[in-house]
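Two complexes come next, and they have one chain in common, chain A, joined by chain B in the first and chain C in the second.
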Partner chain A sequence: MAAICSLYIINKSGGLIYYKDYGSGGRMDTNDSLRVASLWHSMHAISQQLSPTTGCYGIELLEADTFDLHCFQSLTGTKFFVVCEPGTQQMESLLKVIYELYTDYVLKNPFYEMEMPIRCELFDINLSQVVQKDRVVLLGR
Partner chain B sequence: MAPADPRSGDAIFANVERVNAELFTLTYGATVRQLLTDLEEVEEVNKQLDQMGYNIGIRLIDEFLAKSNVARCVDFKETAEMIAKVGFKMFLGVTATVTNWDANDTCCSIMLEDNPLVDFVELPDTCQGLYYCNILSGVIRGALEMVSMKTEVTWLRDVLRGDDAYEMQVKLLKQVPEEYPYKDDE
Partner chain C sequence: MIGVGKIKQYSNVLDKPLSKGKQEVSLSAFAFLFSELVQYNQTQVDNIAELERRLEDAGYAVGARVLELLCHREKGNRRETRLLGILSFVHSTVWKVLFGKVADSLEKGTEHEDEYMISEKELLVNRFISIPKDMGTFNCGAFAAGIVRGVLDGAGFPAVVTAHFVPVEGQQRPRTTILIKFAEEVLRREARLG
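Moving on, here comes the complex of A and B:
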């Protein structure tokens, strides 16, 4: 049973540029995943406005009964978020590592068009290695 | 979990894969040479180098942020220091210094002590108007634009053109707010 259910990457305008699901729980079709992405983008933006404290940069963790959602937004506005089983550890560092993989295997690919859906095999390969559950623990570098 | 500590330019530089410096310098030289052949006009080459740098910068900024773990800069002053101390070290292995701030802290100079792009270069008489390192200014402009800072980067001094140092002027034109709504109905 995979601890991570799915991974989303959304560009700065809220478009879903990468979606991958792991394991059987919560599998979604393309339309639903697009909907989740744009919904999250809006909620993330609204949360910044609603926050009673200044200097809030949006929701980082959403805890529900059946899942946790961890979100990381880079300073350039790209959001990475994973949906996982409640209480899964090390998700912040996993998201950081995914961000590094994105800079290495997506942005450095000269044929990748910025802000467009990610179709990079090297990214897929390296990502699946990182996401393998037993390796997540090793990422605290 | 506490965010990871920022890493120094030296530490990142030591950890990334590097290529032979000569290969890098000669590749860049060959690129400029080819642009001169293709575009003929020195002015056009300057523009093209700047555009190429911009295209690099808009992608490279994410690598910079991902690998350096730096936090959001509070002001433009800190941003400039970050570029000089961490950015240049991380990607070119050299350090730069920031000087000549104007009164509003929106315009400064980045001085390069060592410039690996020009190791074997002498500008011929026919290329006197060429800003050989114009790619670097484009990179800075592109990178800053992705973190909502519109800038103008120009070369003030260039050793290849007979000056005594490499000096780039970085001028902050405007800071685009990141907050919603974007006021698109105005």
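Moving on, here comes the complex of A and C:
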């Protein structure tokens, strides 16, 4: 049973630049994933404005009945979020690791155009390794 | 001149020992700089072969300087004059100074007498680079190939040096092989020297 269902990376204007499905359930089609991405982008921005506390950076965790959504926003406004099973632990650190991979294998790649969809072989390879490792850790507990 | 300063004064700049240099630099800084180099050159060319050539030229300038520096620093102002000597100099000394490790392998080509190959499982310049599918066999290792050509040319071993991806069985990523094809005169001279 996979704990992580899907991973999204969205650029600072809300466009989906990376989407990966890990769930065994039904796959989302491209349009749906784009919609979720831009919806999340807007909700995230609104939550920042609505927050009663000052210096709020937006929603970090959304807990629903059937899933959890963990979000990490980098300083440049790129957002990473994973949809996972309720109560899955250590998603923050996973998102940080994914951010690290993004800075290494995407931003240091001369053939990547900023804000455009990510198509980097090395990023894919390393990402699947990290998610695999994470899954092993989860199963082991 | 005791008490003048902590740094010893040399009347002649040539007497001053050549510093070991900074042993390590940030890999990230290098990766970003190299990425910019590739991106800049990409805007200046209209085909991939031209881009490869430009990267090679950039490497050539590095190679020529590295040869001067290392001959002075490591070999007491002597340079290798024999084919195998200069190849192992590139494979070990040059590689160690530039990439922090000896190259994975140095082999002689099986088909041609004048071909040698230096292989790296993961070339430092390619560490973070994924080549898009539409660029075919393009390899940023052309920069490293240029360095090798610069060293060899400076030492009097003119050669054509190219970088290629070679798939390895059981590995997801291909390794990079730097193919060195020496000019005819080099082999003739080598044969004469015995």
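As a convention for this text, the second predicted complex is superposed on the first by the 131 of 141 C-alpha atoms of A that agree within 3 Å, B and C clash if a C-alpha of one lies under 4 Å from a C-alpha of the other, contacts with A are read in each partner's own complex, and residues count from 1 in each chain.
Keep in mind that, in the parts below, contacts are C-beta pairs under 8 Å (C-beta built on N, C-alpha and C of every residue); 3 or more make two chains touch, one makes a residue touch a chain.
Note that the coordinates shown come from a computational prediction; the quantities given were computed from them, not determined experimentally.
Legend: residue contacts after superposition of the two complexes on their common chain; A:119 is shown touching chain C, with no touch to chain B. In the superposed pair of complexes, A:35 makes contact with neither chain B nor chain C. Contacts of A:75 after superposition on the shared chain: chain B is touched, whereas chain C is not. Once the two complexes are laid over each other on the shared chain, residue contacts for A:111 go to chain C alone; chain B is not touched. When the shared chain is aligned, no partner comes close enough to touch A:27: not chain B, not chain C.
In the superposed model, A:92 lies in contact with chain B only, and not with chain C.
In the superposed model, more residues of chain A are touched by B than by the other of chain B and chain C. Contacts of chain A with chain B, set against its contacts with chain C after fitting on chain A, overlap at residues 104, 108. Across the complex, chain A is touched by residues 1, 4, 58-63, 65-67, 72, 146-147, 178-180 of chain B. Contacts from chain A toward chain C in the complex involve residues 104-105, 108-111, 119-123, 125. Interface of chain A with chain B (complex): residues 45-46, 48-49, 74-78, 92-93, 96, 99-100, 102-104, 107-108, 114. The touching residues of chain C, when paired with chain A in their complex, are 28, 31-32, 34-39, 42, 128-132, 135, 140, 172-173.
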